[in-house]
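Next come two complexes, and both contain chain A; in the first it sits with chain B, in the second with chain C.
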Partner chain A sequence: MNRTISRNVSIISLSVLLAATIPVMHLNAQEKMTADEILEILTETMNPEQSHGIMTMTIVTSSGQERTFKYETFSKDKGDKSLMEYLEPQRVKGQTILMLNDANDIWTYFPRTKRVRKLATHAKKQKVEGSDFSYEDMGASDAFIEEYNARRLDNEKKEGRSCFKLELTRKAESNASYSRVMLWVDEENFIPLVVDYYHEDDPELREKQLVCHDVQLIEDIYTPMNCTMYNKLDNTYTKMEIIDITYSVELSDDLFTEMGMQR
Partner chain B sequence: MRERFLRNWARIAATYPWRVITVVLIITVLAALSASRIRMDMRWSDMLPANDPKAKEFDEIITEYKSASSFLVVVRGEEEQIKQFADAITPEIKELTQFFSRVDYKLDKDFLSNHALMLAETEDLKTFADMFENLDLIPLLTSINDNFEEEYVGDEEALSTKEKENEAVRTLDGFHSWLKAMDTFIVNPDVANSTLADSAVERFLYGDPYFISQDKRVLLMNLKANFTAMDIDKDIASTDSVQAILDRRLPDFPNVKAGIAGMIPLQKDEMEHMTKDMQFSSILAIVLVMLLFMLTFRIWSTPILAGLNLMISIVIAAGVLGLILGRLNLMTSMFAVILIGLGIDYAIHIISVYGERRVIDKDAVSAMQETLVRSGSGIVTGALTTAAAFFALAISVTQGIKEMGIVLGIGIICAMVTTVVLLPAILVAREKVLSRITKKPIKRPYVEFKFLADIGRSIAAHPMIFLIVAIVLTAVLFYQAINIRFDYNMLNLEPKGLQTVELQDTIIEAFDLSPDFAMLTTGSIEESYEISEKLKEMPLVSMVENITDYIPPKEKQEKRMPEVERIRKIVSRNTERTAITQTNLNQLIEQLERLDMNVYELSQLAFIGGQDKVDTKAKSIIGDPEKKDSESFILNLVEKIEQDPQKAIAQLNRFQGYYWPVLRSRIYQMANPDLISLEDLPEHVRNQYVNEKGDKYLVTIYPKEQVWNYESLTRFDKQMESVSPKITGTPPIFLHLIRLIGRDGLLATVLTVIIVILLLWVDFRSLRFALLGVIPLITGGIWMLGIMKTFGIMLTMLNVMAIPMIVGIGIDDGVHVLHRYMYEGLRKTPVVLRSTGKAVMLTSLTTMAGFGSLMTASYRGWAGFGALLVTGVGACFITTILFIPSIIGLFTKGKINDE
Partner chain C sequence: MNSTILMITAVLLLCNAAYAQPVDVYGYFEPQYSGIYIDGSYYQFQANKLRVDLKSKAIANTEFGANVIFLLYHGTTEWNILDFLPGQLTSTIPPEMRPFYTFRLKDTLYLDNVYARFALSRFAVTAGKQQISLGTGYFANPTDIFNTKDALDPTYEQPGHNAIRVDLQALPRLNLMALYSPIESDFASSGKMVRAKIGLGHFDISLMGCETQYTTTDFYTFGQTVERRHILGADLVGELFGMGTWAEGIYNFFENSEDGFEFLIGTDYTFDSGLYAMIEYHHNSLARSDHEDYDLNDWMRFFTGETKTIASDQFYALLQYPLTDMLTVGSSAVLSISDMSAAIIPMLHYSLFHNIELTLMGNIYIGEEGTAYSSSLGNGGFIRASVYF
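Up next, the complex of A and B:
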């Protein structure tokens, strides 16, 4: 679950990182960019070198019930390692989650029992904390490039911004969770502003939609401060909001260990 | 030719009134016999197109699987009492063998005790093998902890579906019972015995045997009917019988509440309410119409005879319908009330003109001839126009609208024919009887509506002002009309306070599932499995019942077989027992503390993951982390052991001595490695899932929440469609019907308007007049919707079907007024409104009285239907009086002729 948070930090910030590194000539050549090139830049933006932040996740069920969690998150090696500590609500305060190896290994630490437990080793397709995010949703690592064939469509406006429009179709040999993904990527900063995810078995059935907004320039990195995932099938949504974030931080490898979790 | 026919008929009816009446009465008796054959098909699926795949699948399932017609008893109260109540009423319900083959409210242990492990997943079997290696208390607790950590703490996926979440709750419940038994042996050794140990084993292996909610306050009994919900007589009789049992036994259990829910009782409730509504509304409609008649014409006996004529026409119409259709549906069941409102108009015309002619003409025969020649032609034309508009609805694919068009078309023609044939004879017969009694000429009072003439004069003098007012009002109401909302909640159509409906919410809240299930059939066990697995992944699905709950696919069974055999061997080897001693007591305490931690961690994960049921159950064992005074049952048990270790050792050894042989023998029996086949299934299970031919398997899908608002309904339907377009049941059928009716309703309305314009064009021989005649209809429709929105009335599945009807009814006012203009001249607005305006107003009022009576219906769908028609007819009358005279006034120059 912390993987998602860190991915969100990524999506939120990483795209920005990229914007800072993209050569001007590249920007000028945007019109000629292929879908794969855009996707490559986007994927690059999804993985910031490191970050440290505080964020909230609010899960709203179909009956309107809300659950809000507040975390402190640490991410290193472009999201390969991440650690998340719950700050609120009181009941879970101090509980931490460590994710390594692209969220393939997940551990959790319970302060009351002082025990560290290994969680699933195949949780990528699972819901995160009962939210509408799965570990895969945020375009973790290079999943968009590896698992899908990309096609560029005519540019469109989304969220009031000019966007590249990409259609990703699942490769025959892939076992990704979605049959199709539509992306609207901000032409200026390469942040995916809207992502539509289509059902595993039905490429016409839109299952979820991610909408990112409130993009801010933080430490020269464009960061969408709010991202909301709407689940179109069960009419729920999950809102992730960055309260505070910094990318200029030195994080020790020791933090991302069992001992680090109990720090 | 028409005139000659009418004149001749009038002569016959007036000369031989008693013979005509006798012949019509004989026909009425025959019609009544035919009408008695009509059956009432009150299901939503009966409204769908005849060949609709969803409706066909639904009918086939309901016919082939009696279990698909649900009958539930919902019992509420304290755990022990509701269980006792269920045990008490079950024998009495079982005696109702003419209705029920079974009462399910407890787990079917017979089948599970022989095959349970073949039903478990292969991965779980491996865990069970470790767990059952040693059944002594300490090793058993140790392996439970190992298993616990691996299953629920170690694998987040374990809680990822509703089914698994429920399984986790059942498992926790089993542990809780086990711990409670240990506690009782230590604290109350006197009451602790082998029965308690047996019960702990059962709960440990199977969970709570009763179908009871997690908070243990609601118990569900599923009565398996041996008839289908389509058998309405049995619906009523069975519901009454079960209700009688509840009423008789409930006083013995003062804190228990029990009620009936499900498809069968709902059918019975709907039928009873509909029948009562139909009877009451029909009588009220007749009374209201008669009152209007009497107040307007100031005559008393004639309206009663007109009412008699109307009732005869309804019986004849029902007889014809019995021959042609043989059924009434949810829409057409109220045709009698509609005919009262519409059919009386014809009688009004005849009685009104006959009254005038009787003063002018010398005898009854001549007066009746003049009456039929003057009014009969208009009646025939009017009835045929309205009937044509109704028959146009027959092009609809929706059976509901199609049958409504046919029923009302036939009804209108029957009302017209009966009125033209019978009423003249009745009127003359009455006169003959009265003159024999009183031997005096009959005085006929004349009531004039002067205010209509005054309105006519004002409009003729200031047509532009009236037209602007009418247009502004129409514009305002148009804005309202386009914002009118549709109420998609089917339960809002049902009578208020219906127990069967209210209990649905109780079931949803207590069990996280709605009894409004969806269904489909598959061609094989493998297909059932595949589809069920997909369905279980759907977010709005709470539970899927299918044959593979009892017979997993052969391939699965073959994989499980070696593991089950291994467990049987392990349990066979398990012969030595190790007692609990002072030496190993610490190990026991250690394992209990470990169990406390495991349940706590599970509870924390469940809290974060939103699995509230698991969290609540876990908290009942380890205490609520958010409450300071909340204590852990497990840690309290540890404390009791530590307080008096010797006593604890003795009692726990006693407990082990009791449970060990039972647990061993039960597991051995459950570890039966034989492949399960259809022949192994108990008959009631086979009947529940397999059809008689044995070639189709039923899958039942329960939504996890109320699906009767549009958003939930469309979401649920979308999820079902993504698995299989064949899936049927009340929710998918209702949504399908909404969509079809929306399409059909629009098409039927447009077609009816076109037919009406064409008929008017032919009638008036002027396109301009035909279009003028349609203006009040269209603006009246806008007013109707605008007024409804203003008063907070929403469109519903039922009242939306009345919109095309309004076209057929609402056009009449304009036609009569325009006909009179053509006869009198365009400058005679005051005359037209004083005379024809009065007739139009009276017929509108009688029609509104007829439809208005529906507003008293307890079935809210019909009340809304009545409200729409009353508003529509009233609106069309006002727009006729406002628009036609002001438009004609605008284009007509010269002095107003008031004579």
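Up next, the complex of A and C:
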């Protein structure tokens, strides 16, 4: 239960923040795989053991206004622990977000006041700096397995690639924020190229759409360098771009602590 | 004047050093216009604030930080507190004493924080004038003996405090903190605090003990009473039934005065629409439970920050809604149960540009004369631009 809310949008963060990992061994996708098997591989391979990256997030409003944030991210234990610190703009520089237990425990640190604040899980519904990503979206997890029943549909082409098409329906006991999720997963590298998220109360109302592209093989791990989240209801979108990333990094557990946030 | 020159010199030297050494220079400029209606008359004043921060991490494991604040005031910068208080309280003040109740917003230039911090992975020592934020409450923090929050703008930054602070991360979710605040002339009289913070499940729980000097002023005679104050306190933050939950409280053991306690409990929730709702209840046994008992000392101690509240029981509520990605609107309200007065504070935050934020905040007092949020205290608001660099 504690891992519920944070997991339902995991693809977003897994794709962008944790920079999905796709071992070469999965290149030969099996046509007869079940939806659960695809999700399992997707989840397994999209959680790198650890990573360290620099990313940008650009919010574009319905009127065309833009706000760009740059931040540094660290993750460990396949996304169980993650930390992000804003580098730009100056307004938020030094603000840090620590997420543990698949984002079920979240702390934020404000350097100007030296205050650390713990957020309850409902706060994950809040937008991160006004973006189309919520804290929940940022939290890495295996939500699609835990929170949804999966059904495989006929393969389709998306973004010019052959994709597995999956329909995920929220389990009755789940607290996931989306009632239904449609996934188009690249047959070759298991990267989710398109993800449609449907409104919590209306499984026919598409609320958000995530589109990932520019997939690169970095340190033997397939990584989508650009992902955009479109908010279909507000007519806004947020672009996330990986500037630099490495998976060959040793991160101390001490980094993912209250003191680590203030370092 | 000399201190001003010294300060400017120091800032120039530090800024010069910033070019020679790897020193980060940043901060913000913050013009603010405030207006208030009192008894049919409109008063206005402006505050222009510049904060310049300097930070260096040139030496391994060490951080040197400082900031300078320049504040310039214009408009109505002189107020007499007696003008806001009930006549039956002020009528006993002799005319020749009235100037003593005047406060002036003076242009200032000061070092707000100057500290050095040495940190290893699980250990840190911070010495100097520094930010100290304690407690889990939003509207008030009983465990924070260093700061008093403004009920109308509780998240605004607090001043730095002179202290030596040691932090130890004994376990991943066990933090120990010891703090010595040498504000008095000798060790025995100075402030000391120890705190242990532990994570249990989805809760963070802190226990603290503190010893400090407590000064109360008699605002009839302007004499001061100093006594020792020992405090035991605790705070927690976590989640219950899906809602954010927090609490904090202290018990004061006074050397001479009657002991007292203060606590706050709060809960919050974010709805799927993005609407954020919060409510807190605050009790302070050192404050008055009946506004008929408020005397001049109560008011003055409240205005000067000697006590955190004038009314013993208050509710605080906050609603915030992100109207767009750039615009958040909301309102908070403070209800003094003790005297059934209230303040309503509508607010708006707008991200004007990447590094420019606009804040509008109003204050509407609803209460009879002599109550904590009496309408005779004036209704108004401010507009503030924060320009970060």
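Here is the rule we go by: the second predicted complex is superposed on the first by the 224 of 263 C-alpha atoms of A that agree within 3 Å, B and C clash if a C-alpha of one lies under 4 Å from a C-alpha of the other, contacts with A are read in each partner's own complex, and residues count from 1 in each chain.
To be clear about the criterion, a residue touches a chain if its C-beta (ideal position, glycine included) is under 8 Å from a C-beta of that chain, and two chains touch if they have at least 3 such contacts.
Keep in mind it's a predicted model, so treat the numbers as computed, not measured.
Visitor: Which of the two partners, first being chain B and second being chain C, lies in contact with A:Ile218: first, second, both, or neither?
Guide: So A:Ile218 meets neither chain B nor chain C here.
Visitor: With both complexes superposed on chain A, which partner does A:Gln90 reach: first (chain B), second (chain C), both or neither?
Guide: In the superposed model, A:Gln90 contacts both chain B and chain C.
Visitor: On the A-aligned overlay, A:Leu205 touches which partner chain: chain B = first, chain C = second, or both, or neither?
Guide: It touches chain B, and chain C stays clear.
Visitor: When the two structures are overlaid on chain A, which partner does A:Leu42 contact: first (chain B), second (chain C), both, or neither?
Guide: Neither chain B nor chain C is touched by A:Leu42.
Visitor: Touching A:Asp253 in the superposition: chain B (first), chain C (second), both, neither?
Guide: second
Visitor: Have a look at where A:Asn235 lands relative to chain B and chain C in the superposition and call it first, second, both or neither.
Guide: In the superposed model, A:Asn235 contacts chain B only, not chain C.
Visitor: Would you sort A:Asn104 into first (chain B), second (chain C), both or neither based on which partner it touches?
Guide: second
Visitor: Output check: A:Arg115 vs chain B and chain C. Expected answer is one of first, second, both, neither. What do you get?
Guide: both
Visitor: Classify the contacts of A:Cys163 with the two partner chains as first (chain B alone), second (chain C alone), both, or neither.
Guide: In the superposition, A:Cys163 contacts neither chain B nor chain C.
Visitor: Could you pull out which residues of chain A sit against chain B in one structure and against chain C in the other?
Guide: In the superposed arrangement, which is not itself an observed complex, chain A uses residues 59, 61-62, 67, 90-91, 112-113, 115, 118-120, 122-123, 126-127, 130, 234, 236 for both chain B and chain C.
Visitor: Inside the complex, what are the residues of chain B that reach chain A?
Guide: 149, 153-157, 160, 534, 538-540, 597, 600-601, 604-605, 607-611, 625-626, 705, 711-712, 715, 718-719, 722
Visitor: Which residues of chain A touch chain B in their complex?
Guide: Chain A residues touching chain B: 1, 59, 61-63, 67, 69, 90-92, 95, 106, 108, 110, 112-113, 115, 117-120, 122-123, 126-127, 129-130, 199, 201-202, 205, 231, 233-236.
Visitor: Give the list of chain C residues in touch with chain A in this complex.
Guide: Its residues touching chain A are 26, 28, 119, 121-122, 124, 130-133, 136, 155, 157-158, 167, 169, 172-173, 175, 197, 199, 202, 204, 237-239, 242-245, 268-272, 274, 276, 322, 324-326, 351, 354-355, 357, 386, 388-389.
Visitor: Name, in rising order, each residue of chain A that touches chain C in their complex.
Guide: My answer: residues 2, 59, 61-62, 65, 67-68, 89-91, 93, 104-105, 112-115, 118-123, 125-127, 130-132, 177, 200, 234, 236, 252-254, 256-260, 262-263.
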